[in-house]
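A single structure is presented below for examination.
Letters A, B, C and D mark the chains as written, and numbering starts fresh at 1 in each.
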């Protein structure tokens, strides 16, 4: 093992009075075990709750998967067809697929699992499906209206297919999937161990055993990567990325993913009703500073809502969002805001003050909120920060008490962002989208997008939608999202999935 | 085998504490050091043992079998402990390990100091305990044994060590008369068995019991020395004379007075304590100007009876009636340990001032009482821990007298005092009875004292 | 070390922390002023103690934090000490069923995880300081109650109290002259620890996500905020700990009596 | 024997009190919290990205959150009598089942931490007590104040970087084998030892100054023997008695340490349950923690009873 470069860690240890001695021989990990560390816990067996663990660990399979670009690829379904009327989908299954209890994966079992998943409140519940049934060895899904994003929905982890024996009534009692790895030990909410499923019908995975550990703290995850105690560490905290890059043991993969940190504003409130106020707020933000200092990724500075990674929605021609304090002040003055005591803007005797709700599930958010607080203060805006449970944001949206929220929105919740767009920026707004704002023009564009098939027209429509959101700013983009993953150099052939659908361990092998 | 002490002088930071004491000790003949608290007699014992408190320094010579101990390094002096010099602890119930059985505490000396086998050590310990009349007590813990039994366990452990020189510092402190006699006999037996015995005490009766030689110390100096009991029969020095005269058995009887109106009356009193019946169906009354003593061995319920009469405790059955004419604060008490009866957090003067304000008493009351109780006004500025036990007990009396009590309950009020001080405090109590007509309830384990002072003696637990 | 020199040392430590709190602002930096292009600077010119992850001046933040943490911690300890001690005295004096009731309550509260208490109380007003410390006080009062009740019960059994009663000196006198001086000595030591516990509990709360509202420079929250940067700026992480250490040790030495 | 029964009986009463207080207090407080409970529960069920009004409404219907609160509370106590703690609102698991697993982990962690702390704290404290006023006495005071001043997460990170990353002796975090328990247990143990070393120091100083220790030396026992025979047991009594109170620190520390070291214990579960408004889980967790506290205290009572013959006789 090469000796580590001089780090500042010894400083901390020395400051704490601990001796820094030469390290002993590295602790040898158990052979043929691929250890995954992430932040997300295992909350139960039901795919609707913790499916992401089991699908990413390739224990659980969905009918279809998605490639890096979000296009559907075969998984349990080896092929599918869509009827003329674009209402009936027919999925042919892999013949040799077997559940981990040894029973074959039949169309009946798949249909039953999907039917049950629809009954759970969750994403699949919103599917406009009329009928899911087995038909002559294939799975038939009939929708009530043409529904293009169906494949994307079926790729979602909550649509994971469990064996009939996994259920006891409606409840999931055992994790019996059909993927290349079979659960050998489960210690919820922290740990999962799985081993190669010997009767897996695909190419046998090169790596025999896998384990999953949920470590909530970024520091812990970073230390595990640093100490060579994990082969894959997902969701690295930004401040640890730089350090890990210098670590010869791991390769750090940082890639933009279709997720954006943004401020949701209550556009119905007098503060933000005028689009100029929203622009002023946007102009007051130092996105570059935050991206550089807090996110450690200058490229993640958001210049518009959609990151370049979402090539279909990102419009390079849009004027980038920027910081311009004098312009922000000018816009606010135009709206009648005058500097008052302590430099806070006042209008008709009332200060420009509001509370921003955010949450610590994503550890960088409170820090960003604190940074923005100071930046807005320079423009004379008094923003308080409340770190709350994430549920307070949709709740506040519903009861109208929300003034502003800082959050991260995933546009590939289902691999096609259109579903998310419809949910967030429709006429009623959305819990994680616009609030008190609606644009007939945008509604028209989105409606058209669902019906049109011509690629050129679709591209134009998407560009139009992006432009409207950019102009109106119902939400203020702050930064795009980098997914940072550390992969041990002991591993080869592992490509990080930008959609976070799978860790893709089955396709990896040990290096050297 | 001998101990010779030559011109032993002990210096402290504030001057000389013991001025050139010399004596010699031979096997078989005890040496008793008599004197009051603070006379330096304990320092003498500590100098021999090598346990002087830090800051004190001994000069002169202490020859044990011809070897001078004073120049020896502490480690070598430690090595003598148990094997050559042993010290019988004060208050043996505190000197025994509360979590170890009695026999083990004796046997460990044989096993760990003298390296006998475990079985042999146990056998020896059992024999020693049996010899001291403690058959069957070896399996018990110190808290399950009486004070006297604990003292014998400690003696057995000391004996086991086998030192030729045995030092006993106030071995009868806190013991009642019967136990004191037993302890004296045991110590004398040690001397007769051929040990050198040095006993430090203020108890003249113990000295008489032990016999041998005696030295009387006063303010760090030896004022008189001689053989017992001759020294006590014909004391030369004034202090010795007073010491001897202070023995209660030599007191004059107090005048007997007819009791006046009843102050308190107890009828059919029953009381159990710790699962044991103290008394059942006891009748008792105290009249104006009367002196009543309650006597008996420790633990017989003397204090409890007094507390019942004062209303500080309730009887299980029976009732206590107080004379209608008695003022609400007309019953007062003097405590065995005066230090515990005062709050340590204020000066005596502050305490008295507070009492005066509370009850609206005239300012010169206390001032007038001070000379009567032979108390210096300067003492008022001190805290309870900064005056002597005798002085503090007189302050306790002063405090009670301010309230014109009809009855004073003196609960072993003089048992912790030096004989002379005891005599002095008792004399003051007598004056109260005679001049003010205050009734007195004396609780004491000293039969002689009870008989001299009281017109009526109630014996409990016999 | 003699008692008085220990006290002197303890007083000096507290004076140092207090002086820091008072003199820190003289440095002139705004504890809230950010500079995202000068984050996590080591100590140097302009920033004598460096900057934090948002480029805020550490000296200014620590000094402001001293006023907050120090003040609030003492307040929380006081809020626990006063009712706890009073209830303890009351229980010992009154005896009977109120005493049994209070003892049972204390037992039960003690068995309740203190963190749960604090989390529940703070959930009413997230990020506010007062509930945070009220929650801490709610958990801490039990120890004061116990110590004062046990001490008072011990004192009440002493002859000095019986004598005072016989002398017709009322309960007020017993409380003032007999119980209080004994209880106060122990309470003082406990107070030192309670104040320290308050600061570290708030830090622990901030760690599990129930802390002060940004951008308040409170020592515990500062440590939580700076924890991710432990490798880049270890000093910034340890400075608040150093101040807590001085406060706890100072209070401990000042309070005197040896007791854990 | 009667003394022991009385002591343990007292603990049993305490256990019942704890159950009543914990159940009611948790329930009322969680109910009184601002914000909509259905949203919180839905958020912890499906992840915050997927919560919307519909999911919350479904939760509200499913769990009967519209029922009057006395009915809900009564239902919980009724279940408790049947040893049924209900079903987690968030995960849908049986609370008792989930706690069973978590409790095992927390017990393993706590007991290991307690053992470590006993190996560290009392011996160091005893050394200071033997020479009270000496240099080590002062150093230990400073050390224990430092450990008290450092929040557990800072100590934990330090140990993690030192023992796991720098030296690679131990796993950084996780659960599964015996090696994983060492770091979190050590973190907790240092905090505990900071306190127990002070108690041990005082106890030993007290024993050394006691007449019975002096008498043991005067009997001729050398210092080491005297301490072994008469010091250890007597000094151990207050230390063990104090352990009972210390357990509070332990249970507190568990929350932070479990979250830092990804240890699937009960403290971790408690924070999640409170943040997620999972009332049955909060009640169950707090109840188990409270009863754990009572049970461990009963154990220390028992230990004191065995150590101290005076208690056995009482």
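Convention: contacts are C-beta pairs under 8 Å (C-beta built on N, C-alpha and C of every residue); 3 or more make two chains touch, one makes a residue touch a chain.
Listed by chain with UniProt protein names: A = ABC transporter substrate-binding protein; B = ABC transporter ATP-binding protein; C, D = ABC transporter permease.
Quick caveat, the model's predicted, so the values are computed rather than measured.
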Check your understanding: Measuring from the mean of all protein Cα atoms shown, which chain centre lies nearest?
Key -> D
Review point. For the chain pairs C-D and B-C, which is connected through the larger number of C-beta pairs in contact?
Key: C-D
Practice item. Determine the centre-to-centre distance between subunit B and subunit D, using the mean Cα coordinates as centres, and give it in whole Å. Key: 49
Practice item. Between subunit C and subunit D, tell me the centre distance in angstrom, where each centre is the average of that chain's C-alpha atoms. Key: 21
Review point. When the centre of a chain is set as the mean of its C-alpha atoms, what distance in Å lies between subunit A and subunit D?
Key: 36
**Study point:** subunit A residues counted as touching two or more neighbouring chains
**Key:** 9, 12, 16, 219, 388
Check your understanding: Can you list the residues of subunit C that touch 2 or more other chains?
Key -> 209, 227, 230-231, 237-238
Exercise for review: Could you list which residues of subunit B touch at least two other chains?
Suggested key: none
Point to revise | Sites on subunit C touched by subunit A in the complex | key: 32-34, 36-37, 39, 53-55, 126-127, 209, 211, 213-215, 225, 227-232, 234-235, 237-238
Point to revise | subunit D partner contacts - residues on subunit C that touch it in the complex | key: 1, 104-105, 107-116, 119-121, 123-124, 143, 193, 196-197, 199-201, 203-204, 207-210, 220, 223-224, 227, 230-231, 237-238, 241-242, 244-245, 247-249, 252, 258-260
Practice item. Can you check the complex and tell me which residues of subunit B touch subunit D? Key: 49, 78, 81-83, 86-87, 89-91, 94-100, 108-109, 112-113, 141, 143-144, 154, 157-158, 160-161
Revision key, fill the gap. Residue positions on subunit D within touch of subunit C in the complex are 13-14, 17-18, 20-22, 25-26, 29-30, 32-34, 133, 138, 141-142, 145-146, 148-154, 157, 161, 195-196, 198-199, 201-202, 205, 242, 245, 248, 251-252, 255-256, 259-260, 267, 270-271, 274-275, 282, 286, 289-291, 293-294
Review point. Across the complex, what residues on subunit A touch subunit C?
Key: 7-9, 11-12, 15-16, 218-219, 237, 239-240, 243, 286, 289-290, 292-294, 360, 363, 366-367, 369-371, 373-375, 377, 384-388
